[in-house]
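These notes open a run of structures that come right after.
Consider the two complexes below, in which subunit A is the common component and subunit B and subunit C are the respective partners.
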Partner chain A sequence: MKGKFKWSNLYLVFVFVLLYLPIFFLIVYSFNAGDVMQGWDGFSWKHYVELFVDTRILEIVVNTFLVALLSSLLASIIGTAGALFIYNQHNQLIKNIFLSLNNILLVSPDVIIGASFLILFTVIGFTLGFTSVLLSHIAFSIPIVVLMVLPRLQEMNPSLVTAAKDLGANNWQMLARVVLPVISPGILAGFFMAFTYSLDDFAVTFFVTGNGFSTLSVEIYSRARQGVSLEINALSAMMFLVSLLLVLVYYVISKRSSKGKKRAGTRLVMPATEGL
Partner chain B sequence: MSEKQVPIIAFNQVDLSFGDTHVLNNIDLEIETGKFYTLLGPSGSGKSTILKLISGQLTADSGDILFEGKRVNNVPAEKRKVNTVFQNYALFPNMNVFDNVAFGPTLKGMNKTEIKNKVKSMLDLVKLGDFSERDIDELSGGQQQRVAIARALANDPEVLLLDEPLSALDYKLRKSMQYELREIQQRLGITFVFVTHDQEEALAMSDWIFVMNDGVIQQNGSPEDIYDEPINHFVADFIGESNIVDGIMKQDYVVHFVGKDFENVDAGMRTNERVEVVLRPEDLDLTTIENGKLIVTIEDQSFRGDYYEITAIDDDGNEWQVQATNSATMGARVGLTFDPEDIHIMRFNESEDDFDARLESYEDDDES
Partner chain C sequence: MKAKQQRQIFYIVPYGIWLLLFVIAPLMLMLFQSFTTSNGHFTLGNYGAYFGSGTYLRMTFNSVWYAFLITVITLVISYPTAYLLNQLKQKQFWLLLVILPTWINLLLKTYAFIGLLSKTGTVNSFISFWGVAPQQLLFSDWSFLLVAAYIEIPFMILPIFNSLAEIDPRLSQASHDLGANKWQTLRYVIFPLSMPGVKAGIQAVFIPSLSLFMITRLIGGNRVITLGTAIEEHFLVTQNWQLGSTIGVILIVAMIVTMILTRDRVRKNIRK
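== the complex of A and B ==
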């Protein structure tokens, strides 16, 4: 097998190069000594320095992460509760209605969600700003969490619940000690997904930011309209780095949670005790 | 059964339906402290449903379920003094062996040392003393089974319910677990209610068996009673191998089948009543034609390890299963012989109470 040329591998490499080329192009130019993306004038940290003295952008970065963290945290809690509700719903009709409503939110265009939130906030006279962005981010994150948690619940052996009750657990103890730990990988996946969705959301945020409050994607968009500054490239490069770190963190956590299974694999052969 | 003692569990005309399906029909039963009970029946007979009613997973439509004489129909599962060993073990995958077994004691608010001692003694009981730090998915099926038993027993239940706990194990492991469960039950002296579809398992382990079919208890009794005196066609067929033929009870102690009269030991029926006659394969012996009570032709035989299973056909076309230690010659005409007490007579539609009353009536006659 080794060293054998495969067309499928070449295709894979081609696709990935195509996918990552624009990002690398952007990152490379963030180190350009010149001020435009045409012509390489030599290496420089200049745009990064500009970025770190730009207090407005730093404030926006903090805001963006704060919104992402809070919205994904709250969405994880609400979404998990929602998934539990759908899972425990024995009436098939109600169950399907809730599932469909959940899925519709998931597939409906961000523009529509954003516009509808704008209309809602305007109608009830809610001031646009941090809270409106947070609320709308929570709203579009909940379906994502439900989607990640529900399969875990359905995979769970239903007799675990019966067993917990049989052993004397009340509803709360059963939930806290058995169900939540068992579905925790799903909750974690939902949290991370909601976090990344919130970080890079533009369409919904754009509608509900109002004056004075902004997130990165909205800020980058509005700056890019005034002409591309390489400071944006530097910022994008940083964001890309953060995404990479997030993926890495998620990988490590999910690896650790499945460690038990891995160990079982390596220690599978225990002939002396197998019959016990 | 002694009559003074209050049964630990009693069912009083319990009914249960799921939609249009009648799952349990007018169930009456009594379970005494310290014995090993088995609910035996094919799948869908309602045996696991009875277990779920005892544990509180299901609620009866009507009738009373009594625990030590008190009605518990509406007591939730977590408040009942019974624990269950589930068919698929249902061990908590997020906990190791120790935490699984400690689940019940922890909820009860025992302190750390008490919990530690409890878990240790339970794991020792099921011979998994060295496994407390293992994860669940590191265990074999048999080991998981043991943890499930230890976990249920750690709650000090007065009744342990076992829902087909051995069905997923291989034959040898199942055999050894049967002995061990029996031993654990006797050592702890608590009541076990065991559900199985395996009649061999039921006969080997139980003090008392309830044979179930179609949501009705067909017969209950000691393993010997049920094997030797099945009340109807279903029980005779389900418990062990049986030869069942139609016959006529000519008078007390004389039954007519396959064209001949035979002496037997049953009585108390109407003259010339139509009955079913049961002869167990192991009670039939091959012999010479002259000595045979029946003349048959050997049709088929298969080697079963400790015996030969022989199929023979008589001149009326009835099939006879015989278990013999020696092989037979295919196609040979031979005699079949049996003793009068090997013949068991079953009346059509006789209830358990009528059956018991009839037995007593003529057994008293014999003594007087």
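== the complex of A and C ==
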């Protein structure tokens, strides 16, 4: 019996090693004094120094975070409006139609989203660049926000709204003072999910980015095609830290917002990786 | 009542614009493109070219075959993992550790494999240490399957884990009481009850695997061509958007078929 337990643990250890090996491999080599991901020439910070004087990379990092921040903010606003609309809709058929339409972008492969957005931007004569990337990121983040906000609305006690109405609140007061505070954990969770989706996205951005504008994923892709550079390892180590931080924040938010519920924590959602 | 209508209009304007402009219009445009010539005339020629060409059909078959292999590999690794994780104390913490790698930019994970698998990379130095000559690991079908499976594993573990966690532990106790051994309990009680999770996992892995294109380029060295690679090629390299859209429509159809086949009464959206 005891031996059997050890075998099963060994298997789990194996899976976890497999999952983390590539990531730690990247990070360890970011400190290599040599210039290739091979052998070990001693510890050095030189690739981090290279990274911090590479203005092109720094500019791209700023761009990437700017797109992520703006797109998740706007997606949170539009997505919340969408969730409120769907929630207030009492006709079951219309509700289901809207929910299905909402989920189309969630299930579509990124290649399809990217290619169809490229057609759209070209047909309406939109120049590709920062704005087209931003619009695409807003577009694919909205359904995530809707899905994060809707459950909060459904858990909200409807008497709250009725009471507010009875007490003479107008639409705006009802929204700002009653509904939004109740659903704010959902909006926040949606915002963070949208933020990580945007940071992670490669395929959609790759299609709609045009020539002048680049995000980190696209830049890493083009550099990786040219060959290995340990500067990218240094960048990965930094991004690993950022991801870790985001996971922590997200975890705290979801823990706090689902406090007192028994399913706390099981509804962790993963960022998309489709089409990459 | 009036206030309610005003409110709904206020909500539907931004959301509705998004739905029309970024959900309905792009798909309609793609469908439309697939039925036109490059001058904008109606044609069925794109579909004719697709179905009449052995290359495209073989590519589609290969793409489905690789997606199938990736799904099987991830399922075989993930089911025992999910099952064993579910028996641990602190299982939420371990689950978080499974999910954490998915938060790391995919390009970076793929990039790590370039270093690991390259001709002078770590894996080759390791096996040459044992006296095996360095192998061409990168740019092979195997490396493509390995990296794709690596990336998809957490997306398979999570839904299976969730469905296993929902099974009432009294059921396996009952099965034990009725004289079933561990294997029989697993085979006849646990496995059937975890099918919704397995189906959700298959859905979450198979559809993206059909459309992978970045990994085929960086790891597969263009040896493996999936539907996703073909679409990217037609849109961004050869600029034949009509044929690209045709393949896109076919990918959407393949996606819908997969979803219908793996549909379950209890739908849980685990991916995205």
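Just so it is clear, the second predicted complex is superposed on the first by the 233 of 276 C-alpha atoms of A that agree within 3 Å, B and C clash if a C-alpha of one lies under 4 Å from a C-alpha of the other, contacts with A are read in each partner's own complex, and residues count from 1 in each chain.
What we mean here is this: contacts are C-beta pairs under 8 Å (C-beta built on N, C-alpha and C of every residue); 3 or more make two chains touch, one makes a residue touch a chain.
Because the structure is predicted, anything quoted here is derived from the model rather than measured.
Of the two partner chains, subunit B is the only one that A:168 touches; subunit C does not reach it.
Of the two partner chains placed by superposition, only subunit C is touched by A:20; subunit B is not. More subunit A residues lie in contact with C than with the other chain of the pair subunit B and subunit C. In the overlay built on the shared chain, the residue A:222 is in contact with neither subunit B nor subunit C.
In the superposed model, A:247 lies in contact with subunit C only, and not with subunit B. By the touch criterion defined above, A:178 lies against subunit B but remains apart from subunit C after alignment on the C-alpha atoms of chain A. Once chain A of one complex is fitted onto chain A of the other, the partner contacts of A:159 are limited to subunit B, with no touch recorded for subunit C. When the two complexes are overlaid on their common chain A, residue A:127 makes contact with neither subunit B nor subunit C. Residues 170, 270, 273-276 of subunit A lie in contact with subunit B in one complex and with subunit C in the other. Of all the residues in subunit A, the ones that touch subunit B in their complex are 157, 159-160, 162-170, 173, 177-178, 181-182, 184, 260-261, 263-264, 267, 270, 273-276.
Contacts from subunit C toward subunit A in the complex involve residues 3-4, 6-8, 10-15, 18-19, 21-27, 29-30, 33, 77, 80-81, 84-85, 87-88, 92, 94-116, 118, 120-122, 125, 150-155, 158, 162, 165, 207-208, 210-215, 217-218, 227-228, 231-232, 235-236, 241, 244-245, 248, 251-252, 255, 259, 269-272. Of all residues in subunit B, those touching subunit A in their complex are 55-57, 76-79, 83-84, 86-88, 90-94, 103-104, 107-108, 127-128, 131, 135, 137-138, 140, 142-143, 146, 151-152, 155, 173. On subunit A, the positions that touch subunit C within their shared complex are 8-9, 11-12, 15-16, 18-23, 25-26, 29, 36-39, 77-79, 81-82, 84-85, 88-89, 98, 101-113, 115-120, 123, 135-136, 138-139, 142-144, 147, 170-171, 175, 196-197, 199-200, 202-203, 206-207, 216-217, 220-221, 224-225, 228, 232, 235-236, 239-240, 243-244, 246-247, 251, 265-266, 268-276.
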